[in-house]
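This report refers to the structure that appears directly beneath it.
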Amino acid sequence: MAGNTFGEMFRITTFGESHGESVGVIVDGVTPGVEIDEAYIQVQMDRRKPGQSSVTTPRKESDTVYIQSGVFEGKTTGTPLFIILHNKDMRPSAYSDIQHSFRPGHADFTYLQKYGLRDHRGSGRASGRETAGRVAGGAIARKLLERRGVQVVAYTQEVGGIAGRTFDESVIEQNAVRAADPEAAVEMIQKIEHLASIGDSCGGIVECRIRGVQPGLGEPVFDKLDAELAKAMLSIGAVKGIEFGAGFAAAAMQGSEHNDEMDSEGFVTNYAGGIIGGISTGEEIVFRVAVKPTSSISLPQQTRNVDGEEVEIRTIGRHDPCICPRIVPVIEAMACIVLEDHYKRQAAMLG
Amino acid sequence: MAGNTFGEMFRITTFGESHGESVGVIVDGVTPGVEIDEAYIQVQMDRRKPGQSSVTTPRKESDTVYIQSGVFEGKTTGTPLFIILHNKDMRPSAYSDIQHSFRPGHADFTYLQKYGLRDHRGSGRASGRETAGRVAGGAIARKLLERRGVQVVAYTQEVGGIAGRTFDESVIEQNAVRAADPEAAVEMIQKIEHLASIGDSCGGIVECRIRGVQPGLGEPVFDKLDAELAKAMLSIGAVKGIEFGAGFAAAAMQGSEHNDEMDSEGFVTNYAGGIIGGISTGEEIVFRVAVKPTSSISLPQQTRNVDGEEVEIRTIGRHDPCICPRIVPVIEAMACIVLEDHYKRQAAMLG
Amino acid sequence: MAGNTFGEMFRITTFGESHGESVGVIVDGVTPGVEIDEAYIQVQMDRRKPGQSSVTTPRKESDTVYIQSGVFEGKTTGTPLFIILHNKDMRPSAYSDIQHSFRPGHADFTYLQKYGLRDHRGSGRASGRETAGRVAGGAIARKLLERRGVQVVAYTQEVGGIAGRTFDESVIEQNAVRAADPEAAVEMIQKIEHLASIGDSCGGIVECRIRGVQPGLGEPVFDKLDAELAKAMLSIGAVKGIEFGAGFAAAAMQGSEHNDEMDSEGFVTNYAGGIIGGISTGEEIVFRVAVKPTSSISLPQQTRNVDGEEVEIRTIGRHDPCICPRIVPVIEAMACIVLEDHYKRQAAMLG
Amino acid sequence: MAGNTFGEMFRITTFGESHGESVGVIVDGVTPGVEIDEAYIQVQMDRRKPGQSSVTTPRKESDTVYIQSGVFEGKTTGTPLFIILHNKDMRPSAYSDIQHSFRPGHADFTYLQKYGLRDHRGSGRASGRETAGRVAGGAIARKLLERRGVQVVAYTQEVGGIAGRTFDESVIEQNAVRAADPEAAVEMIQKIEHLASIGDSCGGIVECRIRGVQPGLGEPVFDKLDAELAKAMLSIGAVKGIEFGAGFAAAAMQGSEHNDEMDSEGFVTNYAGGIIGGISTGEEIVFRVAVKPTSSISLPQQTRNVDGEEVEIRTIGRHDPCICPRIVPVIEAMACIVLEDHYKRQAAMLG
């Protein structure tokens, strides 16, 4: 397929560009008879939208959810949900200056190379704006997972070298960076605000924890649960890596350490991160995602223009100095979609 | 789909279990008229097969390649290649002792939970044996990529905490661990042999470098080149993580550092690892894969049996103390399949 | 997948119900750099829309095409086209009377059985209204096929037992039934008007001719060109059968008659209908589609209500006494999508 | 995908050519824990194999089924079944004379046009031999459907213009043409034997009846149950058309006739053929398939050779004068695969 659809039995197809009139999603394979309303989806959209705090872009996107089909009298009908988000506050002018130059870290150059032309307005299809459709689709998956008793929680574990030291789920939504450690959150925010003040940006690490998944979920051999979560996460523009459980640290461990032993209660440890052989163990599914620094910075950078000439560029506009807080709901959304899809595939196998 | 097929336009479907009569692959979407013979594929199979050296299992698997269809008079016909590898030296008896217990680190427990029954002989379908079909299929993709001028090279970058310090591609196939640093290779081998002697195992990191890919390869939004490489790598049983370019280190970098600037020659740096926005930049594609320690160790471990009772288990049998040297060709194979598939999808878009 | 997406490399995903706010389509895999505008698509929409003539429903649907993404500065960008059609003149009230009863010939009963609930307003997702998205998507495929020199023409060959006796392509769009025989068209229209006057309806046969397809298009073995055209046509609600070339008549023929002999010019006959072994022969591709009588009639019929009680029903509302004239552009649209998809798959195989 | 895989959640991938060493199938998505053995599959293979009677080719193909993976201790494991059939009695020599000429009715010309080269030995991949893998895969689907209480029965309804006049299911396997009317069977056999004696062949019509499918099976809008059955049937080489229920006769009917009314018991008639809106009604699913005359005849025919010269050709070799009796199990197999796939997709939607 051409790359704008994700999932097998529960699937989303997104459309729309940064500065087009709308972005949105078609959600197919939705269980019929499930109560769903726009308010439920809006909660997730609001977690992703810009302008939330001092560490996110002041750019305004109301991101008001509108379900145009697939729901009748408050319940899903089994036919595709079509959810549209109309773009607001478009300022193509703000991008006219970068129309002819390739912004470092952005997909300007690669899109032009692939397609032979590009929609230069705010990265077009490559914009983070595209993830709005994912979050809307993910909210539907989240609703279906709730009925299965599955919870998906992501949070900022590290920002610009500052790592969280404690884990308190209750504070995640109470600080601007969505960290699980309130003290580290303060330091992270200071770091981000400082970098923003000098026109720079920073990256971070987001951890995701999934609870309530019983043992046995996942499709060997190629569609392993961790393999599809990896694809889902790396499909998010700013993500550069993923690791499960001990992850890269496992490279320096010995089998006698890393193997999760069992007792009559279950697993004694969870170095595997809740997935073995691509199938859930019943333990908490844990993975971490590497988020690169926001590419858009106002510091001057050297680049090329479309004519191959060297030019200096400064990305004017309103951007996030650190994308972690806003990527958290996107990561949760993609994880929800992968999980619900695998539940449906499990039902198909046994059905 | 049910998980045993990988790829869109160039696709492989594998079959077979560790101790069944055969494993193999059907390769579909192969360009017609390409000269291919079993000897070419055999070269890759021999890199994966056990018994190569002191650091791999002494288990014998001849892995003799046999093409049964799709090739006529030495050339591909455009119809599916069916490649079969007959299993040899099967010792189900060696596994009878673990028939009723779950080996730590193995998929014994998860497969039983998923399917309600399992083929306990050497992990059945979850065995590394399954990757033989992948390597055979990958060899076909490699052949097609050669005509495109694309080279895929993987090597062991780290083993049990010992990292390579230099990079000399010419030495990779000349040392037992497939490291690119001959001095580090000696230390790695010593470490592995020591762990083997005490019945333990260790993990490592394998790096993959892809050269010759022009700018513009990859399908946004969900089928990004890095997203599909991530899925491909995480679909390999022992892999627990992947990172591109600066990877997790990017989390502590600033935009002004991580952004790859351009000059009239091209990119000045390659922190992105050759992929931006899911599309190749024309720079070398670089990613690292985290490989967990081999789960099978002869040291005693605590586990459960199928009746829920706690038991001690020692995995008798012939296993690799470190899987890195043999996973290198598997990683290359999967990378080749992802690349060839994306080349064909690119041709479809433009065609 | 869940059934609302069609095509591999050129694919459409439709959404929307008869009386929802909109219907539409996402078109993925579109060649970049192609000039496209709404006017071009509108031409096809207008051929499908109701209220065109005395033999179509007077129901008003403006079907104004609106491209919301995927086109920039008049050219396709390679990203998904999102085309929306806002529903007008909705009269749910007109359907309130059939809310609790199953209309004979309609999917009311089957949808309720499948999903456990249904959107009863004008058949919901099962409405012919859904085909508006197909026609919009098909127009994009038609545009791409034009550049390949491929023409797709469908017309009404038979209505209510009256068959066309001559073929004049130039008259198809000049008569209300879209017949290629002007004299037969007059009889067909009289027949339809008579049936409409007594509250009944009739079926017909639509023939489709495709020219300009060179030899070699089609994917063996399951995705044969005729197999996918068959799926595409049978996916249209009112279609009950399809035949290629001699079709069912071949059942009574002998090999010496049906085999298309060749001479130095090419094929002497075309009983195969332009496809042999699932691959185009280079001759005109010819198939016929059986269209059932419109299910909605105002004559009283016996049926059941949701409580299982026998009731008499008369489908009030504004319906087509014969669907052939309006199904012609839908058949062309689906044929265009199948062809463009196969061209892209052919490019992938060779690419 | 490249066309050699069929099905979404229950899927088969076939391989092999007419005169290669083997043909076979990988069956993925099989429910685990189901008792299956080779004898069960062999029953279906024997119905398809040549040399059964006076009206089938005397060519010998033992078609002995061999399951190499996916079954452990007599039960399916949920991993792919790999079933191989080794070719016997290969006589490439018998085809050497047609190596350079295109046999009328065969895919010789189209394959060469598509791929640029071809395996000329007995049609290679385009041979009816490929259907052996389908029948093996279909037997697995049939086994799963048995547990659902679904029966699939096909039979020869017409041969060379002679139609069956009665329906007695019990006699189908008792006559050489697999007709449901023993008297018509005698006439059909005489007709076929006569044509065989003069070196000609004939076509026919095969009807398929499916019982035990409850209301609600099928995926709107593109993956309708009848749409996928149509694709499955047209993917069989000799099939040129399909119709459901009243089929093409519906074209001459009026809505008041064709609409299936309901009473408190259910449907009063079944002109729809058991499917409305792409979803099963609970009535018997009935469709008819048009089978063309066998292309291979020994009467002289005019054709071209690969150099474009006109030549006369007589297809020497051992062929079926009428393919209907042997296509019956292939049609049943494909129908079983479509049904089981839809059952699994239904389970996924609700699961």
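So that you can tell them apart, the chains are marked A, B, C and D in the order they are listed, and the count of residues begins at 1 in each.
Definition applied: contacts are C-beta pairs under 8 Å (C-beta built on N, C-alpha and C of every residue); 3 or more make two chains touch, one makes a residue touch a chain.
All of these numbers come straight from a predicted model, not from anything done at the bench.
Hopping across touching chains, the smallest step count from subunit A to subunit D is 1. Note on interfaces B-C and A-B: more C-beta pairs are in contact across A-B.
Relative to subunit B, the most remote chain by averaged C-alpha coordinates is C. Subunit A and subunit B have Cα centroids lying 27 Å from one another. Inter-chain spacing, taken between the CA centroids of subunit B and subunit D, is 39 Å.
If you average the Cα atoms of subunit B and of subunit C, the two centres end up 46 Å apart.
Looking at subunit A, one finds that residues 1-5, 8-9, 14, 29, 32, 78-79, 114-115, 125, 220, 345-346, 349 touch two or more other chains.
Contact residues on subunit B toward subunit C in their complex (touch as defined above): 8-9, 29, 31-32, 78-79, 220, 343-351. Taken in their complex, subunit D has these residues touching subunit B: 1-5, 8-11, 13-17, 20-24, 26, 28-29, 32-33, 68-70, 72, 75, 77-82, 114-119, 124-125. Within the complex formed with subunit B, the residues of subunit A that make contact are 1-6, 8, 14, 102, 104-107, 109-111, 113-115, 123, 125-126, 130, 158-161, 195, 200-205, 214-224, 226-235, 237, 240-248, 250-264, 268, 272-273, 276-282, 290-297, 299, 301-304, 308-310, 345-346, 349.
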